[in-house]
Structure formats: C-alpha cells, structure tokens
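Per-chain residue numbering starts at 1, and chain names A, B, C, D, E and F are given in the order in which the chains are listed.
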Amino acid sequence: MSDAKRFLYVNRKAPYGTIYALESLEVVLIGAAFEQDVSLAFLDDGVFELVKDQNTEELGVKNFSPTYKALGDYDVNKIYVEKESLEARGLTIDDLQHLTYEDEDDDWAEKDSIRVVTAAELAEIMEAQDIVLSF
Amino acid sequence: MLHIVNKSPFERNSLDSCLQHAVKGSAVLLIEDGIYGAMKGTQKSGTVEAAAKDLKFFALSADLKARGIDQDRLIDGVEVVDYNGFVDLVAEYDKSQSWL
Amino acid sequence: MKFSVLVSEGPYTHEAADTAYNFTKAALDKGHEIFRVFFYHDGVNNGTRLASPPQDDRNITARWTALAKEHDLDLVLCVAAAQRRGIADADEAKRNGKDADNIAEGFRISGLGQLIEAGIEADRLVTFGD
Amino acid sequence: MSDAKRFLYVNRKAPYGTIYALESLEVVLIGAAFEQDVSLAFLDDGVFELVKDQNTEELGVKNFSPTYKALGDYDVNKIYVEKESLEARGLTIDDLQHLTYEDEDDDWAEKDSIRVVTAAELAEIMEAQDIVLSF
Amino acid sequence: MKFSVLVSEGPYTHEAADTAYNFTKAALDKGHEIFRVFFYHDGVNNGTRLASPPQDDRNITARWTALAKEHDLDLVLCVAAAQRRGIADADEAKRNGKDADNIAEGFRISGLGQLIEAGIEADRLVTFGD
Amino acid sequence: MLHIVNKSPFERNSLDSCLQHAVKGSAVLLIEDGIYGAMKGTQKSGTVEAAAKDLKFFALSADLKARGIDQDRLIDGVEVVDYNGFVDLVAEYDKSQSWL
C-alpha cells in the first residue's frame, strides 16, 4: 500500500433529488478494486444519503441505500460523517444506517465504519488526501 | 397560488425566496429535496414554523419515504399528500409557481 | 381540468423528470386532461431512444412512450433545445446534415410556441426543473 | 387583449453559469408573438442577468445580454427588478442596462422598462398572474 | 506536469463544460500533459455528434474533437453514465440492441476504472461540475 | 490545497462550506457563478473578508468579464487570474477540491 494514493470521496448532496449520490457510490465500488487508500466524507446534505429506512416504492426509482452496507466488504471502512452537518439537520448517528466492517488486523472483529467528526477534523482529513473527488 | 419548492433549504435559497414572496393564504408544496424543509428540529425549521401562520404547507409522501423521513419528524401542521393530492392542489389553486 | 406540464431537466440526473412523470400519470388516472407535456432545456434528453438504463431501475423514456400510447399524449421536445443537445428526429437530422437520429417513439419535435400555447390553452401549467 | 393571459417570466439565476437565463429569454421572444400580457421579474441572482458591460470574449461563449435591449421592440416593457435582491448584491439600478420602450399611448415617448419593486410588491405582482414560468 | 480532468455536466446547460475545455486548452498551451479527460454524469452528453448549436455560438463537442486531434487527447465517456443517458458508439449500440449510435469523433467509451486510473496516474485531477 | 468554488454564495451553501473546511494557507479560486463571492459591498462580502486573513483568494477573469463585474468591485486582496493562472494554481498546490 506504500504506493497507494489517498482518495477521498466527498458527498455533499441529498439522495434522489439528483443522481450524484448514486453515481458517486458507483465510483467508490469500482475504485475499491484499485487498492488505494479510500475514505468517504458525508457533509452538508450528503449526510441525508445515509439516513436509514429509505423506501422508494412510491417514488418509483431504485433504492440504492442498501449498497452502503456493502462498503465494508469492499474494504471501504473509513466513513467520515460531519457532526455540524448532522446537528443542523436535526439528525443524530442513530438516524443513520449502521455500517460495519470486519477488521482483519483484529481477528475479523466487527467494527463501526462511520466516524463522526467535527468540521475542523474533516478539514484536516481533506488536507491529508492526494485526490479529492466531489459529488 | 400554489408554490412548489423542490430544493433543500440547507443547500439553496429557494425556500427562503419563496417564503418572502408568498402572500397570505397561499400554499407551499415541498417536493423532492424540498421535503427537508418540512422537518422539525433543524436549523431551518424556524423559518417554516413562522411562515405557517399565514401559509399552508404540504409535503409529498413519495419524497419523504424515499429519504427515510418519517411523518412524525415533520413540523406540526405540515400536511402529507401523495401524487393524487399533488394533482388536487394544482387544481384547487388558480396557478402554480415552481421555485427552481 | 386541463393541465400542461413543462419538464426542464434530463432523465436520471434530476428528480424533476420523475416527478413530472408521476404527476402526469396521477392527473390522467384522476381523469384530468393533459393538453401537452413540453420538454425544454435538458428536458429534451428525456426523448432519446438510445438510452439503456440498468435493468433493475426504471426506464424513463420508455415510461413516457408507454403513457403517450395509452393516453394519446402530446410529448413535445423544443427544437432549439434539442438542436443544442443532440436530440433529432429524421427530418431534423436531414436538415442539419446528421447521419443518424435518436428520438424515441411517442415524442415529436416542435417550436417554443408550443410551450406558450400550452400555457394559453390549459387551465394550469406546472413546471418541473432543477 | 381581453382574452390575453397574464404571463410572468421569473428569472432567479445568474447568467452564463447555467443556460437558464439565455433559454428563458428565448421563450420570452417567441412568446411575444402571442399577444399575451407579458411581464418579467428579476430577483435573487436573476438581477445579475441585467448587469451592463458583459464581455464574454475570454470565456468563449455567446454574449446574449444585448438581446435584453430588444425587449422593448417586442412590446415587452414590464420588467420588474427586486430592490432587496439588488441591495443584497451591492448593486444599484445604475449597474444595470438601461432598458426602454416607446409608448404608443403617449406619442411614442421613450420610457423606462425597468421598475424597481420591493419583495412585497413583487409578491403581489406574482399573485396577479395567470401563468408563472420560472427559470 | 501531468493533469487529468473530470467533466461532470453536459454541454451548454452548465458552464462546467466550457470551463473544463478552457482549462484543458490552457494547460496544453502551457506545455502540460493531459493524461485523460473523463466525462461522467451528464458530462457524457458532451460526446454526441448529433448536436447542431446556433451558428453564432461555440460548438462544444466540435471543439473537444478538434483539441483531441491536435493533441492526441484521450477523451473517455463513462460507459454506465452513457448507457443511462443515451450516448452510444457502434459497439454499445449493437450490444444494447439499438439501431443507431451518436458518439462524436475523438471520444471513446470505457469503464469507471479509467477515472480512478486518471487519478492515480496524473499529478493532479481537477473536477468541473454543477 | 486549492479549493475551487463555482456557485453563487447567494444561491448555494458551497462557498460557506468551503470556507468552513479550508485550512490556513489554502487557496480559494472563485470561478463561474462563484465569482460573485469576490464582490465587495454585498451581503456575503464579510464572510470572504474574514476568511482572507488565513486564505488566499483568486477570481477567474473570464468569468468576471462575462458577468460585467469590474475588477474595482472586488474585495481587497482578491487576485484576478486568467486560465493560465488557473493552470498555474492547480500546479502550485498539491491537490484541488471542487465544491460542487
């Protein structure tokens, strides 16, 4: 992994209103095969992408939210959610899907993928990347 | 008049602008990402709560459900309608304005 | 009642294309008349027959085509907007020296005047956009 | 004109960043042939559409702002610009193009097409329409 | 230096399509290398040959085609995004049972992996979108 | 890092969000409708003026001219660059982030 680049996928938009959340996820899944150092950031309206119990039957579009659950299987387990963005929207971590991964360095123990961070912490995370892809 | 708002109030100025231009007795229908404006307990709830004295607020059920926003999270007085209700609102009010 | 519908965004990218369809279908199911559905701006991209969306998702263009067939709907793509964005029927392709066309069944291309007429003739005009 | 409908074209977006300002103007010009009662409203970032001295040479796109000057010739002379929107953007009426028309009821005297109105006045103007088209 | 460019919006509707072109051209003129221009989301609509924009305005697709020819640019349309939106080359058209294709000269269709590779291989990746 | 903002600060939250996440020493390039964020005397000028203590601001000349915004209307310290300058900024900073 020493040659790996640090890729951050920044998600700032609500799901369904536009396609960016869905097509961003498609990039992440394809990108997982490239063995890079991948992180995802959810801030601003992007935090709405992870809200649980999405049901698109009446809307008549594909519900892509279950796919977030698969991220752990793709070794995508650094998922940063911004505290200030949640608070501004009246959300807590309990409103979001519970995303986990199995830690191969810790006897495959199941661990949380989501880490709630402050805007200041997220700013440092962004600064530490090689590539920032925004959707 | 029926005002239709389809953008998140956290991302854009369209709900704010709509509320500044909706006269008393008008209706505001929140659809697509606009339904986030109907949530209580957010940074933006106060704006809608204040406006609800003079305006009727509606939110589209298909868009609430798609986004996992349960009806009990909505500001008191916001009425949930389905697409049939959307059609009825368009028929009931003499014209509509979409705040794109 | 007589409705006209204006669709200002393309398929999949903005929900407007879905909301417009769901609204139009609900209006028809309730017995209202749809005078015309007019596609402007990127809305003209709803009228291409070359799209192949994933099998597990809706096919927005096919849905419009089916609704048009069932209810004899007038689905009009703005000619100026279509020219800018590369949506053409056989006549337009010929007129502009193109070797192919891509318009889907059930749609037709016409001028912006059809939007104004849609506003004049209908009791209500509803806009769906970004 | 008794059967004419009142059409209001609402312009809320900046020019060039998106095509809506330009394609809205194209509707207005075509619509002028239909002998309806036409008004235009410029509010929010829409007021930027009327800013004078636009020069698109370096950008490499068509400068469509001179077309606003033609509106008077098309009998489109009720152009409402919102005071609050101008002020929030540090603009005054002097920053905008001077749009005029010749008043056939007043011996073809040249008159100003732009009327600066408050948000409250604009709300009443919107309410008085039959058709509101937004761009 | 080696740049990659990501274009996320279609032509004319959003300025992103213009800015991406102007940036790419300036980078080439300054002697930089463009590893790849990748078109995603509605960006794939930049690659249709069926558009006929007004004569007094720029032709965005033709401009890319000319730049690609001059500098041997790699212009890649994302296959998944292109399928959703109705942009096809001859192979894609055949594979999806379509009777026509519409891709413009100088563009090719390929997978999303080409975007990741563009990020890995270039010194800088710049995104233009809505 | 070079932050790129292409939306009007009056319409969207992208400039605000960018400024909340740009660390000291970063640069912010305003392009397309984002150039309105560089104007002085607006409702939003204060945000940029405050941020200018820690961040360098640039605005793209092609977008300023297209919109008729003269250089003398810009906040003090905002540097105007052309597309060549844009390319130089991308090369100078180790990465860029577009606030879409």
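Of note:
The rule is simple: a contact is a pair of C-beta atoms (placed from the backbone, for glycine too) under 8 Å apart; a residue touches a chain by one contact, two chains touch by 3 or more.
Treat the numbers as computed from the prediction; the structure is a model and nothing was measured.
Chains touching both subunit B and subunit C: A, D.
Taking the definition of touch as given, a chain qualifies here only if it contacts subunit A and subunit C alike; those chains are B, E. Two copies of one sequence, subunit C and subunit E, touch each other mainly through matching residues, since over half of the numbers at the interface are common to both. At the far end from subunit F, in terms of centres built from Cα atoms, lies C. When chain centres are defined as mean Cα coordinates, B lies farthest from subunit E. Rounded to the nearest 5, the angle that brings the Cα atoms of subunit B onto subunit F is 180°. Two chains share more touching C-beta pairs than any other pair, namely C-E. One inter-chain figure worth recording: subunit D and subunit E are separated by 35 Å, centre to centre, where each centre is the mean of the chain's CA atoms. Separating the centre of subunit E from that of subunit F, both taken as means of CA atoms, is a distance of 26 Å. Subunit F has its Cα centroid 28 Å from the Cα centroid of subunit D. For the pair subunit A and subunit D, the distance between C-alpha centroids works out to 43 Å. Touching of two or more other chains is recorded for residues 12-13, 15, 22, 41, 54, 80, 125, 127, 129 of subunit C. The residues of subunit D that reach two or more other chains are 13, 16-20, 44, 59-61, 131, 134, listed in rising order. Listed for subunit B are residues 6, 10-11, 13, 32-33, 62-63, 82, 95-96, 98, 100, each touching two or more other chains.
Listed by label, the pairs of touching chains are A-B, A-C, A-E, A-F, B-C, B-D, B-F, C-D, C-E, D-E, D-F, E-F.
Contact residues on subunit D toward subunit C in their complex (touch as defined above): 5, 7, 19-20, 23, 26-27, 30-31, 33-34, 36, 131, 133-134.
Residues of subunit C touching subunit D in their complex: 6, 40-41, 80-81, 111-113, 115-117, 119-120, 125, 127, 129. Of all residues in subunit B, those touching subunit A in their complex are 6-8, 10-11, 32-33, 36, 39-43, 45, 61-63, 65-70, 73, 82. Within the complex, the subunit E residues that touch subunit D are 12-15, 18, 21-22, 54, 56-58. In the complex of the two chains, the subunit E residues touching subunit C come out as 10-13, 41-42, 45, 48-54, 61, 80, 83-88, 92-93, 96, 98, 100-102.
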